[in-house]
Every structure is written in C-alpha cells, then in structure tokens.
C-alpha cells in the first residue's frame, strides 16, 4: 500500500499526539490532578493510528482500559479528554467515567472499557447493526493479548465469522497482561493462529512501523466493508510504561524495558522513514511536534478551567423512569 | 492400536448397555415415570465407550446434559442411575439431581451438567489436582459441538495448554446443538483446528467405529498420563434421537435421520467387525445383548422398588452451617 | 410511549383468549412489524420456535436475519445485543433459562446497565433480555432458579415479570419501546396459562403495579407465577371470611411504591410472596420498605413467604415443597390476620 | 474447626499491629504451610503480589505451582477451582474486583454452590473465592460496586466480609478450613487500615457477628468498610449523648440472627448501613428480619442507610456522595432516636 504524504504526516501526527497526551497525563497524575488509574499507551501508538486512519466518523470502535490512544486516533477532542480525566463537567463523560470509560459516540467511539474483553462483543454487535441496516460501516475492536484469553473473545469471533460481520479484531500484543508475560499466557506464540479455528483470516503485524499496520488494517477494513467478513489482526508491540501509573514493575527488568524502548518506538521509527524516504524534513517534523505540544497544552488549560462535575441526576441513569 | 478380544467385547457390551439404557429410559419417560427432561445418547455410544475404556476408577470425567452414556462407560451402577431418574432415595443423587446431574464420585464421575460447557473448567481443575499432587491421574471432559462455542471451552483449553495439564477434551460432534446444525454454528468444518490456537494437539475421529475412538483416546490419555499435556479430540457422530424426549425435530428431515441411523450406528458397526474379524460369533454377541437386556430389566426393577426421595436436610446444602 | 394501557387496533377493547406464550409472540410480532430496527436473537429460536414456543412462526414471517438463531454463546450474544443497541437497533435477546444469565451478566450489568451513566448520558441502550425462571418442571437446580433479585440490585436496569397473558403482551411491548435495558423475566409454568389479551397494539407502562384483587384484611404483594397462587389463595381465604388484596408488582424496577404503601395503609397487614429463596430475595426490599414507610400503619409484623433456601430438587414431590403453594399462602395469611 | 476465637501460636494472646492486607497474607501463609492441598490462583498474584498486595512474597515462599498466576480467564480459573475442590484440593481463587465476578458467577452459583446438593450429598466443595469490592478510589463504575447481595441469594454459598485486620485473618482461616464454597469479600479501602492481629493460628468462626461497640440507644448493623464509619459515627453520637451499639455482621451467610435480634430487642431501634445500593441490597433482608421477628420490640421504624442507586461515578466529590459517610450515619441515627 502506497501512503501519500498527507496520510503519512497525519499518521505521524496522530501518534505524536497520543504520546504527548500520555506524557502529560502522567505528569498531571503525578500532580494529583487525576484520580483513579491511568494506563499509558506509549509504545503502541502505531496500532490505533494505523487502523483508525481507515475509519470514518460513522464507523465504530470499542476500546480498552488503555484507551486514550484509540480515542485520539478516532479524532476525539483532547480538551474534552483531559477534562474527563480531571473530573470536569466539560469532559466526555461529564466526570462520571474517567479514563476507563471515555466514549465519544459522535465519532463512533463506543467507549474505553474497564472489563478486559468487554468491548469485543460490543463491537461485534455494532457490526451486526451495519449488517442489519445494510450499510457499509465497519466496527473495530481493540483489545490486549490478555483479553484474547477471555471467553468473550472466543464467542464473539465465532459469531462474527458465522455471520460474516464487518468487524476487525485488533489484538494489541504488548507482551504483558498486567504482570503476566505473553509467554506464560499462551502455549503458542502465534496468537493470530486462533483465527483458523473460527474460519476467518488471521494476520500478524509488526506495530513498530505504522506503515505496516496501516497496510494490514486497510486490507481487513476494505474486506469487511465489501461484505467479506471479519479479520483478526495481531499487532506486536511493547508497552513502554508500567501497566498503570505507579506500577513498580517487579515482573520485568529495567534493562528489558530500556532495550525495547530504544528499539521499539513507532514514533522514532516514523521519523526515520519520513525523512529517509523524503516525505518530510526534520524541520517539518519538528514543526508537527511543536503544534502537537501546543494543542496539548491548550487542551489542558481548557480542561483545567472547566467546572467540576455537576451533581448526578436520575436521567443519567435511566433514559426514563 | 491392537484391541484384544476381551476389550473388544467389553467395548461392545458398554455400547450396547448404553443403547439399552436409553431405550428403556425413553419408554419409562413415555410411561410418565420419569420427570423433567432426558437426552438420549443413542448413536454416540462409541465415544464414551472408546474413551472410558482407558480410564481407571480414580481418573475423572465431566459429563453433560446428555450424560447417561458417559456415566455407564465409567462403570456406574444401572440401578442407581434408573433410581435417580425415577426420583428415588436409592438414586445416585437421592432424587435431588435427576438425569442432568447424575454423579458418581466414587468412580470419578464429577457429574452430568445442565450448563452447556459447564463441565469443561471442572475437568481442567480435576487435572490440576493430579498435577498438584503429582499423581498420574487424568481427567476427561466430554462436551458437545455446541459447547465448543462457549467461553468456558476457550478459557479452559488455554489454561490446560499453558500448564500442560493431564486432561483430554472430547468434543462430541453429533451435528446439532438443539436445533442448530453445526454448519450454522461454525465457519469452519474442522473444529479440531481450534487446538492449534491453544498450542495443543487436535485430532478428528470417526465415532462410527469404536476402534478408532479407542485408538485415538488411548494415545491422548497416555500422553496426558506421561505429563505430555492435553489433547482436543473431536469425535464425529450423529444423534439418533431428538435433542430431548419429545423433540418435534422441525429442524431436520425424517429422511436425513433415517439415512444416518442406517449408516451411522456404532453398535451395528461393531457387530460387523466383531464377526468379520473373527473376534466373536453372532451367537456370542447375541448372548451379550441378552445379558445386557437382563441386567437392564433387573436394574429397573431394583430402581422401581426403591423408596421415594426423602425430605431435604440442611447438611445436603452445606457441609456445615 | 402511551401513558396508559391502550388497545388501539381493530375493535377498540376487543380481546382474544390467548396463551401467555402467544401473547408474548403477539407483542414481538406487532413490534417487529412496526419497527424494522427490532431484532430477535437467541438459541433455538428459529425452526424450533424457542424452548417455550414464544417465537414459533416468526422465522417464517421475518426471516433468519431478524429471527437470528445463535450458537450457544450467552455472553457473546448478549454483548452483541448491547453493541447493537448502542448503535441504533432495538435488540431482544433471549436467554433460554435465567439460570444461564450468570454467563452473560457481565455484559448486562457492567455494560448495558452502566453505559448511559458512564458515558455521561451519551448513550441509550434499548436492549431487552427476555428470559424465564422458576421451578415446577423437574428441571432441577440448574434450570429452575428465580434470580430476579440479582437484577433489581443493579442501577440502570429495569426488571419486569408479567404474571398474565395480557400483562405479558403489554409489558413486553413497553419494554421493547423503552430506551433502557430491561430484564424481562417470564415463568416456565405460565406459558401455557390462558387469558384475555387485548388485540392490536397494547402497552402496559413499566413501573405500575396492578391490583389483581381488591381486599381489606391484608395486602399480598407478589409477582410472576405466585400471583396466580395468591389469587387462588385469596378465593379460599374469602370463603373463610378473610378478604385479601392482591397486588401484582409486574415491574420490580421501577417499583410502584405508592401502590404498595397505599394498599398496606388500608389493610394494615403485609404478606410478600415470591418463589425465589427468601434470603436476599426482593421480598426483603418490599418488607423493609413497608416497615420503614408505613410502620405505624401496620397492625402486625410484615411477613415474607418465599422459597426454601435450597437448590431446587428434581423429584416432583420435593420440588413442590420448596416454593410457596396456595395452601401455604392461605395458612400464613390466616396467621397474619388471626 | 475450633469453636471459638483462638490465638494458639507463640505467646498466647500475643498480637501484632498489621495491615488488613498483611493479616490476610498471614492467614494464607499459615494455612498453606499447614496444608499442602491449599493452592492460590489468580491474576497478577505472583511477582506483582496481587492488585492489593495480599499475596506479596508468597511466590518466593511457595513457588509458582501453589501461587499460580493465571491468564485473564475468570470463569476458567474459578471453574478450575471448582474442579480442584471437588477432587481433593482446597483452592483459594482470587477475583481481582467483585465487579468481574459476573464473568465467573455461573461456576460459583450453578456448580460450586449446588454440587453438593445436586449430587445428593456426594460432594464437598472447599473453595474460597477471594475478591474485593467497594468504591472510594476513583475506579468508577466497573471497579467499585458492592455486590455481596447477589451471593447471599444463593443456596449453598457462604458469604464473608471482614472489616478489621484481626477478623480478616481469623475469617479467612475459617473460610479456608470450611468444606463449603465461600465468597470472601474484602474492601479495597481496608487493605491499608491497621489493627492488632493475633499471632499464629487464629480462627474466627463463620456465622458469628461481632458487637464492635456496645450501646443502648440504637443498634447499627453493618459490615465491611461501613463498620469503621459506624464506629466513628458512634463516637460522635456519644459526644451528643446518643449511645449506639455497632454490630459487625462479619459473615452475611450464615447470618447471626440471634445477635441482631437480641441487640435490637435491647436498643429498640435499628439502623442498617451498607455501601451497596439500597434497592435489592442485603439491608432489606436485615430490616425485614427485624420487622418480622422483633416488630413489637421496636420503638421506631427500622431504617436503612445505603448507597445511592447509581453506578459509581469517577469524580472524587461525586464518588464520595454516593455511599454513606460518617456524617450521614450520625444524621440518620439522630433522626431515629430523636
């Protein structure tokens, strides 16, 4: 798949936006402005960016506890995201949801999810809507390697396969599920081989290079849109940070993290090919970085000046009662 | 695998015992002596017989709603089984359980199960016991094609694979899950291919011929006993009767049933090879049939003369309270 | 949604004697005809017509896409229902037995019931989960439980349990039209009960109890199959000079507190009857509510008559003994007024 | 099992100040040393030591076979626990949040709780499911619920909810030694609370409530974290001349009815406090029990103070508002005696 300059730069920008969002979330958490838990997507940006680049606003995604990246890649407003983390009325969920529940239904984001594997059947159901209504919309479910061992994964993939639903299952293998390394969670090192048992295509992709993700996702999404049914994509990545903010990471060595960070960084990788392939100059890319940093700061300022979450009203719990 | 004469005849006897049990259960149900629901195993006898022939009394099985065959193959007492169906105090569960819950823990039968897929994790846990205690016991989980689409199947097979547990998963593909034909429940016709995604061996076997089941199960069980981990066996069979007693079977044609019954009958099949291979004469096999029919009638008489189930006492619900 | 009970098609007020199962089917059919976004999903619902024949014939009328028979994958199909509801369909998902609802409850509770709130009001989840509970058919402990209390204890869910064919139709229609997730719990021994059912469109609003019998000596609050037992008991009690009022809750959430309290304030005695085991049952909620709100109006302690705290046994004579029977209601009612 | 509370090792009666999490670990460690059939399974319990550090250090002591870290497969691991319990082990399975218990509840309810009965008494299921609930950490609606009521409504299950470090140790020991399946529900905000914990073997028998404060004006029945709130409230009330008795149920099933009823008969007033939402909560059971059994001994209607009927919100100021706080208990207690 040939990527044009605008797309290439946009992929870079989205990844950079995600990285910056996570960096600043981390500092805000450290300043005790964010409550609860946050899970950084740093290192995995190419997955959300590469997949969502093919999606329209009326396509759906389901996301995870590690959901900021998907949300940003699906074109969410950074200010509303920060406002949510800060417990503001102006947040996506009016301060009710926090990091683990940010949703933006206007852009088809059916929500982060605190239940590992919880979004998989929901995306399957969204794809069923497209099928029932005869539209060409697609649904993408993002989930982790850990979620691939939940029953919801199994039941959903089978349903999608037998009904040929327009859904793409994107398993983000970041090598760990909390403290459990994938090597201890699977007796195979080919998670994508599970697709065979459902009768759907399964494909692995190295998510260090966003171009590869973009290409693989493009094919799967085109197939789904054309009525060709679901695909399982397993994207290999590495989680740069702890599982959650504050994770002491007793389960992996500092050296391991350092090596992976140095060798597995989709943003460094993109900068390299953008310049070496002559898509953009270092200066142009620096310019993108600057713009992203500025919009991020502006978003934080906007979020911090929002009013705190208003009292709960019954209509939020029931549409009618 | 070479089958000696005693084993061969025993396999036949067990299958014949199961068939007869089901025939008489059906008539007893028709006479309104059995309450609730019963599910006939007729047509699938070779699976239970061929697998359980390799099991010791201290090996475990988990069974299903269609559980009479497994129970008999695991050497249960026919009288206590009928007594259970008849709601007697002398039944395996003292009339508390009925057909869907017959258990015989003294023979390692951890119970029929009314929850489709419910026994799969339980067998996995039994295998874990063997592993923890360092014994050479194995566990076998019988379940249907329908159960292979439950989340419990997925989670359990993965656990067994990563822990190399001594458990054999026997999927009885009798072509239907209630009214749903397998062709509509799977987008693959190779259910055993699911084993690949868990990193365990998967094997198909034609359960028309009990010798084939016996051979395949023998290998899997030997592997498990030797510490080699789990196997998924998919046994192809056909359910001769309705899903349950009284099933109008709107979902399949009479002709289909007739053709399959005529061509897929492990008992007819066994009689054929027993005689053609010179293992036994027709007269000897008729003798087995007679013995089975007699012991069945004796069991029914014993069961019918048992006292009705006694009132419930608290110690049955809690071991201590 | 019409605010009151209406029978709007054909001859106004016309009714037909129908089975409870037929009344449910009637609601499904009329709603599916009216609204193409309604989709029915479940196990065994197509050629077989459902374990209790509620969807019999609907496959022929609506085809396999809208009467969508599924593999045995409870959390998969309920979760697909949640996703479909979030994106514009109005799915009705059938769980064959409420005993199996545990397999899907995560999607019902953590997703369907909470999505609207968690998303700050962005979502509607017009999902109906149809299921059935109760004992009495010898199906034993994994096919006979009464688990409505679990679902009442979830903020964001509604819980409906019709006792009569007419209510079954009217409440299912209301549940399908409702924009919130609804647990719609039928009873396996009601499907073959018969009663007059309004023809055409018929809506019974959620959240309204129904006084099935007026009386002055005590209030029996109950739901589902025990309503029939309570009415039989009331007839027997009347012969013995005890005049029982029978309130059929119909909807457990929202709860019609006013109906309960005004009845109890009149009769001054409360008996709650349900089939589920007593401990942790919804009868505790009703008795506590009345004790809290109408303490001084009570002439006797509130009473609960409920299932024995045991898994449901198989043998018929044992099974009968573990849930309140007509004679039990008569006995306790007499104790209460005596 | 010793019939009374005992602290049998080392200096008799010696105690050490410990965190609730340490007290739990102490129970696990001592029991695992004593009985090789005990196995701990769960997510994140090995190198990480569990989401709340209860199993920290146990991997080093007992190795990966007995501190068995699992993939994220709730029904798989609970079901494996059931199978292991049926065949001779005594598994302790950790569900990281009670909010996830729905994923495994089928194995808990349809299998573990019912196996003994369904099999006519052939089975014992010595399975402990350790989990934790409650809000207060900004984890929002899928990580903050209080769902104990679901489990109380299941025949065959026991339900334990310790409030103090000493009870945590003694009850976990008892739960592990018990031959029935036990839901052992901790609270995420109790792990870092401290208190004296008996050294060595220590058993608190299941089914015994604990009077945590004696009083004469009203009885506060509560459990888990709200016990601490109730004690604080009682101290404030004392300053205002109201003498509250605080009963910590500790075990919800079996329920210590005698302790509740004798206290209420003395104080003549009941306030039940719990964090779970009120509707369908176990508070209904307690209030109903008292209304039924001690109606004439009450000088005021029973009261329940419980969680607001909403999913748990994220923002700290909202989150605090949806569960009973100390000041709420003080206010309602004063209304009750006033």
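Per-chain residue numbering starts at 1, and chain names A, B, C and D are given in the order in which the chains are listed.
As a convention for this text, a residue touches a chain if its C-beta (ideal position, glycine included) is under 8 Å from a C-beta of that chain, and two chains touch if they have at least 3 such contacts.
The shown structure was predicted, so the numbers you read here are calculated from the model rather than taken from an experiment.
J.: Between A-D and A-C, which chain pair is linked by the larger number of C-beta contacts?
T.: A-C
J.: By mean C-alpha coordinates, which chain is most distant from chain C?
T.: Following the centroid criterion, the farthest chain would be A.
J.: Could you state the distance in Å from the CA-based centre of chain A to that of chain D?
T.: Chain centres of chain A and chain D, defined by C-alpha means, are spaced 37 Å apart.
J.: How many angstrom between the C-alpha centroids of chain D and chain B?
T.: So the centre of chain B lies 40 Å away from the centre of chain D.
J.: How big is the gap, in whole Å, between where the Cα atoms of chain C centre and where those of chain D centre?
T.: 31
J.: Two or more other chains touching the same residue: where does that happen in chain B?
T.: 93, 95-97, 101, 113-115, 118, 149-152, 154-155, 158, 162, 184-186, 316-317 - these are the residues of chain B that touch more than one other chain.
J.: Chain C: which residues touch two or more other chains?
T.: 70-71, 73-76, 99-100, 103, 106, 110, 117-118, 140-142, 155-156, 309-311, 313
J.: Looking at which chains touch, is this a line, ring, star, complete or other?
T.: complete
J.: Within their complex, state which residues of chain A touch chain C.
T.: Residues in contact with chain C: 60, 62, 91-97, 101, 103-106, 110-111, 113-115, 118, 120-133, 139, 151-152, 154-156, 158-159, 162, 315-321.
J.: If we count contacts the way the header does, which residues on chain A are in touch with chain D in the complex?
T.: Contact set of chain A toward chain D: 35-37, 84, 87, 93, 95-98, 100-101, 113-118, 146-147, 149-151, 177-180, 184-186, 248, 250-251, 308-309, 311-312, 316-317.
J.: Quick one: in the complex, what on chain D touches chain A?
T.: For chain D paired with chain A, touching residues are 43-44, 46-49, 69-76, 99-100, 103, 137-143, 308-311, 313-318, 321-322.
J.: Chain C touches which residues of chain D in the complex?
T.: Answer in residue numbers: 75, 99-100, 102-103, 105-106, 108-110, 113-114, 117-118, 140-142, 147, 149-150, 152-156, 253, 255, 276-277, 279-285, 287-293, 295-296, 298, 300-304, 309-311, 313.
J.: Which of the residues in chain A end up touching chain B in this complex?
T.: 149-155, 158, 161-162, 164, 184-188, 191, 193-200
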